[in-house]
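Here come two complexes built around subunit A, the first alongside subunit B, the second alongside subunit C.
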Partner chain A sequence: MQLDKLLRVAKWEVTKNAGGVDKRTIVVMALSLVAMGAVAAIAVSGGTGAGMDDGIYRIGVDDDSPYYGVAADDSTFDIREPDPAAVERHQQELLYRGTQLQSVPRTAKERAALTELRDSTAQYNDRTLARDDNQTAAFPVSVTLVYEQQSGSSQLDPRSGDGSDGSGSSAGGSDASDGSGSSTGGSGDGSDTGGTGGSAASGGGDGGTAGGSGANLGAIGARLTGDVQGGTPSDISPPFPFESLVLAFLYIVPMNFVIQAYGSSMLSERLNRRGELLLVTPASRGDIIGGKTLPYLAGAVGVAALITAALRFGNIAPAGSYVAVLAVVPLVVLFLSATFCGAMFARSFKELTFVTVTITVTLTSYAFVPAIFTDVTPIALISPLTLVVLDLTGQSVGLSSFVFSTVPPLLTGLVLFGLGAGLYREEDMFTQRPIPLKVLDALAGGINSRRSALKMSIVLLPLVIVAELGAIAFLFVLDSVSLNVFGTNQSLGIVLVLGVIVVIEELAKSLHVYAGYEHARYERTLRSALGVGALSGLGFFIGEKGLLIARLSDLESLPIGEAALQGATLPAGLPLWVAGLLFLLPLALHTVTAAISSVGASRGRRAYVAALSAAIVIHFAYNFAVVSTLV
Partner chain B sequence: MIDARDIRKEYGGFVAVQGSSFSVDRGEVFGIIGPNGAGKTTTLKMLAGLLEPTSGSAEIAGLDTETAEMRQQLGFLPEESPLYEEMTPISYLKFFADLYDVDPDVAEERMHDTLDELELEHRDRKLGDMSKGMKRKVAIARSLINDPDVLIYDEPASGLDPLTTNYVIEFTEQLAKEGKTIVFSAHNLFHVESICDRVVIMNEGEIVARGDLEELQAEYGHTRYHVYTTVDVPEAVQENGSYKRVVESMDAVEETRERAEANGGDVVDIRTEESSLEEVFLNVAEAGTRGTRYVEEDAE
Partner chain C sequence: MRSLSREKTIVLALLIQLFVAGFSSFLVVGLTSLYDPSSVAAGEVEMAVTGDAREELEAAAAEQDGTSVTAFESEAAAQRAFDQRQVDAILRGEYVPSTRGPGEQIQVTAVVPEGSIRSTLIVVEVRRVLSALERQERLERTPYLDQPPVPLPDTVSASQYFGFTYTILIPLLLFLPPFISGSVAVDTVTEEIERGTMELLRVAPVSLLDIIDGKALGMVLLAPAQAMLWLALLSTNGIAVSNPAAILLFITAVTVVVVTLGVVLGITLQNRRPAQLLFSVLTLVLFGGAVLLPEHPATTVAKLAVDSPTLLTYGHVGGAVLLAVAGYAVARLYIGRVAAESL
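Take a look at the complex of A and B:
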């Protein structure tokens, strides 16, 4: 790869596309961004800005009544002159004279209006007290709210029986940073999961430092919404990681725009053979792909840097540094690489749209869902966005956490770029084949000899790790549901994650072998099939040790994490011969199952599907037996 | 300058080119002709390094066709060369000059000289707004931006109107006179005949005939004799006050003379007419069904 040529292609990619964008398109894009910001702001403000329920309750109240101010502060009320006749005609839901309710709610709407007025009254009183000069008199009881990191799934698991109340008020956050801070005005009810952060940090306080990370998240949420009121027990609502969600949303949305432009640019090189002339220049494939990718990579990372700076210097986030930006880089690489592969596989813009939507949904879920659970469970660390949230909330990010979160998506991105690059040549770029066949073409591109089976199983491992981590992230919530399988009492989450992992691993071991047979890279003999399968299994066994990266996280503290990763690590305290056996058993398993699939693959598609299914069943039975014994 | 040794290309089970061998000398214009699907474009793309031969090898100036050094010396014009339509000819050519490491000043001068020679106007107009002929001229200018020693042109006049076609062919002829080595394919055999020093004829992925035009005519063509007499003879037609009989052998010429003398007349003129390349091609195609014949050297 030549850097000067790569940069020339990058410069050309920018100028070429800049020339293709007219002023009208720029205006439309700017308006879209403004609209997106507005939608985000409405989302952040909890939808109150939409005004859908403005004036739905008509209340007759004099201006000297104490309820006049309450109704005036709540946009759901439409204040009218008190008129009993209007109440009779159902043209007013409520009627107050002084502090006395003069009407009896009879209809559902009238009852709802009364409930709303009571809620509004409580909030009105809180706000009034918060403005009082004598805060001690206004709030005679002060509660220090400390957020505590959960140690694992036990607190989510109703079977464990420790979900008692009161834990929210226990002293000393276990989190590394500053969990012992206090907030003088904050209060909480000590509910089992800690109360909301949104109002605890700032309400009525005197500037005390935020407590734990949850408090920091709450502070960001409050600043984003402009809501700095509250701080009373009535404000505590069931915990929902709204602030994590907003932060993850801010970073993930721009990436989806970038990949649309990138995918279109890549596909347009393939349509009508436009890219053929670049291939005949002295620039290599790597120069061309790298050069065409660089502007989008730089753009996406630049946007992440701008968002971080805006949050930090706009005093929305208490912290935020280069760590947040660095953590985004692997995600950008993953998004771009998946899009690149999609653009190399798709036959038309219509097909590309389908591919990019799939990529968007899958990768956004991978990045977004775990990050929502920042400070709730170790699962969150699966997503690099969790590092972003941690950094923005002023918590330190350890090197091991950083490596665990970022290396798998980064390596997966590089593998995907490699697979796509294998198709970036004349005879593959411009052929119109269905996507599944293109996938096989990409896999076959890396196969030269029988030994390639070993190499391919190792090379594809980052994909396996990311897929497995994704499965853990999505299925851990089912950890609390029991399932009686073969007389065992395993959780549904564990059973499902074992199933998904087995399918992923068997596909990873055999799909490239099948591609090799389809492209006549291997001889279709039994001996060859067994040899190729054994090498593939050996390669996977070696590569599987890459799962040791999970040790950098607390993932194994969760039953589902332990079950999912049991192939990579051995339980401590086992006799040497047992440990040796457990070390070698996976080798035998992977070799046997890969050989079964390979024999099927050598005999055509139907035989491959049948053999793969058999391999999956054997693998699942093995894993389930091991997990039932050890976990 | 160009040396192709038994280059073969297979796509799955389909053989696009079956082990072709040929060489092209420096400064030579070498034509590849054949019907659609004969393997011409695949052969040219293997020479240009775009396609990797399934077996065999090709070299240009002693360099493997898949190396960047070789591509630095090559100008390739594919049959269809869609351009980046949002760019202008100047920005397009500058970009390719950059990729070929051409000095910016040299590139500037070269691109304007070439576009002048090609008589391309409206150089600030976007390529998407240009006619097909204008785009083809830009594509030709791109193939020359690195001042290559070797040009590989696949159907350079494909889809152009007759005027632009003649212009492109004449320009290619001029490049040949400047000493460029050119490998050229075309459907219009008249163009090949007019500028190519040597020709190979391909059919179904195989070279079925090769040689210069005279050799091909000798092997596959016919020499016709137009015999003009003062009196009528069998099979003659009257033309400009005399009688013309077209025959294909000297024996028939002699026979015509004897008949004219027998009728009291004489032969006043004999003119020869060689077969066109098109006729040669048709004959070769016909012969192709009877087996391959080689005029020049055997395949190496």
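Take a look at the complex of A and C:
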């Protein structure tokens, strides 16, 4: 790969394709972007205030009933004249005379309407009472919420040390007011953003209540941290960084436009053999791909930097820094590499559209779902977007968290580029080959000799890690929901995680072996098959030690994480020979299962599927036994 | 035109939409269950109450299903129980002189565990208990208020996903097919032009208008068919969708508008990249700009589906049909004028 050639291709990509977009398009584009901004501004300012759920419940109420005001203030309700006949005809869900509910809620809709009315009544009371002269009687209860570690237990939270998440400020307030001094976890020193710091300072004087209300009146910067908890009971909010999540979503949206353009550009190389021209130039495959990707990569990262700068100087998230931009880079690489692979596989624009939608949905959920748990568990760090949320809320990001969160997606992106590059050649680009064959082509691109099996197993490992982490993140929710479903000690979540992981690992170990056989890179003999399988298992074992990266994040402190990572980490305090055995057992396992599926692969497709299933069953039985006895 | 790959593509499209829908419901159900104790089998929230207002706190907690409380005489004992995980939270209630005016108020300090998946749930429960306490206290102090608070309606067991299903899930499911249809319309037109196969089609004794009409028709028919499938799937899942005919009419009209936009963009720009980009931006602007209408199209669908339509709702359906017909007529005029040789 040569830099000057790469840059030249990049320059062509920019100039040629910028030429393809004429001035009219640019004008329309600019106009629509302005319109988009205007729409967003209107929506934010709440000028029209048309909600999605406007008027879905109809309530019959006279204007002398106290509920008239409640329903009038909540656009979810459509107010009608009270009419018992209309209730019978299912044209009114609720019917009130005075404070008395006259209808009996039977249908799901009527029940939902009553629940909604209850919620809005509570809000209505808070609003009207806020104007009352006697504020003590209107809000007789004031609350200070303190987050505290339950000592004498395992430390679940990696952030317990720095306490920089604002809980310190409310804890400080409570200490000032009642002097019990019992808070241990909230040892923070108010190293948060300006807004929170300010309110904490004002709250310190006269107890937690003032601190809380100060925060509620404060700038959006203070609300972003969402941790100052005080005031009336309805001011309490669960730890959920809602605003930061919305802001983090801002980073994802532009990427979808970038990959759309990128995918079009890549696929159009394949139409009418246009890419032939570049392929015959002295530039290598790497130069071409790198050069064509560079502008989009730079563009996406540039947009992320712009967003961060705008948030920072627009005083919306004054804590945003270069960390947020850096954390976005792996995501950009992942989006682009997936699109590149998609463009190499797709046979037409139509297919590319679907592939792009799939990539958007999958990767957005990968980035977004874990980030929801930012304030709750270390699992959130699976997604780099969590780092963005942390950075925007002004919390510090440790180097180990950063590495844990960014390296797997980055490596995955690079592997995907590598696989796609295996297809960037005449035979695959300009012909219509079935997609399964193309997958094998992409894998076989890196196979030369028997030793390649070892290499491929290691190379594919980032994909495995990301897929497994993704599975953990998704099934994690299930774990908390359905504890002890089987009546055993293992929750359904753990069993599912084990199953998914086994399937992923066995596929990763054997698919490239199968590709090698299909491309006649290996001899179809039993000895060769066993050898290749063993090498593949060995490679996977070596690579799997890379899972030790998980140690960086305390993920194993959760039972589900432990189940997923067993084998990669060793329990402490065991005699040496047991440790040695535990170290070698996974090696034996991987070698054996890989050899089984390899033998199957050498006998053709059906045998491969059968052998793969056998390997999966063995692997699952082993994992389940280990988890049941050790955990 | 109807390449064999079409069938596979449709299956893929359906799978993707299923994934999107499944994913969003999963997300909402998961999130809601984090907040709602009754939906989780994680058991009750145990709270310790101390301080001189503990009897009031106990009374307030007695109303709540998901909570059980234990009274502790001393704070140290409560703290010990908290540390040993016998209780999930400590509520310490003291009568203090009010900071908001004359009289006394109850100052509650709630201690909740940090960094646990259950803390969200615990905080929600704490809020419930304290809101009940607030209501009780307000009731006792009603004589001092200018206006008594409105009594809360009774609780009934209701699906918490009801609103979500009708206002988010169904509109999402129904608006995805038109968007995808439009996007594919852009693809079919630009692909023929970019590959140069438009030439071949024009050798056949059909006009450009016929070709475009045929392509657009295929795409337009696809979306309501998918919408119908969704409605059928939803009703087998026990989610009754009312007014299916009106909904399908509305979705068809929206699809015609979106596909017309896609075809015109494809013909005008002749290049997939700018056309597709502009298409997505414009659809987003249109969909967002619809906020300016008296009723957002998503709300129109929601109100039809939940069976709360008003005259305004039907007005929107009619408006969409008019817009579709007018837009299509204008687009035909435009395409008729484009010289076929220039493609």
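Operating definition for what follows: the second predicted complex is superposed on the first by the 409 of 631 C-alpha atoms of A that agree within 3 Å, B and C clash if a C-alpha of one lies under 4 Å from a C-alpha of the other, contacts with A are read in each partner's own complex, and residues count from 1 in each chain.
Everything that follows uses one rule, which is that a residue touches a chain if its C-beta (ideal position, glycine included) is under 8 Å from a C-beta of that chain, and two chains touch if they have at least 3 such contacts.
What you see is a predicted model, and the numbers here were worked out from it, not measured in a lab.
In the superposition on chain A, A:108 makes contact with subunit C only, while subunit B stays out of contact range.
When the two complexes are overlaid on their common chain A, residue A:284 makes contact with subunit B while staying clear of subunit C. Once the two complexes are laid over each other on the shared chain, residue contacts for A:628 go to neither subunit B nor subunit C.
In the superposed model, A:426 lies in contact with subunit B only, and not with subunit C.
In the superposition on chain A, A:272 makes contact with both subunit B and subunit C.
In the overlay built on the shared chain, the residue A:357 is in contact with subunit C alone; subunit B does not reach it. In the superposed model, A:8 lies in contact with subunit B only, and not with subunit C.
Looking at the shared chain after the overlay, A:528 reaches neither subunit B nor subunit C.
Counting residues of subunit A touched by each partner, subunit B versus subunit C, the larger count belongs to C.
The interface of subunit A with subunit B overlaps its interface with subunit C at residues 17, 20, 272.
By the touch criterion given at the top, residues 3, 5, 9, 12-13, 16, 19-20, 23, 27, 30-31, 33-35, 40-42, 75, 79, 82-85, 92, 94, 96, 98-120, 123-124, 126-127, 130-131, 133-134, 137-138, 141-142, 144-147, 149-160, 162-163, 166-168, 171, 180, 183-184, 187-188, 190-191, 194-196, 269, 271-274, 276-278, 280-282, 284-285, 288-289, 291-296, 298-299, 302-303, 306-308, 310 of subunit C touch subunit A in their complex. Only residues 5, 8-9, 12, 15-17, 19-20, 272-274, 276-284, 425-427 of subunit A touch subunit B when the two sit together in their complex.
For subunit A in complex with subunit C, the touching residues are 17, 20-21, 25, 28-29, 32-33, 35-36, 39-40, 42-43, 48, 50-58, 66-67, 69-70, 76, 78, 90, 99, 101, 105, 108-109, 111-112, 114-118, 121-122, 124-125, 128-129, 132-153, 156-157, 159-160, 167, 174, 177-178, 180, 182-183, 185, 206-210, 232-234, 236-240, 256-257, 260-261, 264-265, 267-268, 271-272, 347-354, 357-358, 361, 365, 369, 372-373, 376-377, 477, 480-483.
Across the complex, subunit A is touched by residues 11, 45, 48-52, 68-69, 71-72, 74, 76, 78, 80-84, 86-87, 91, 95-96, 98-101, 126, 142 of subunit B.
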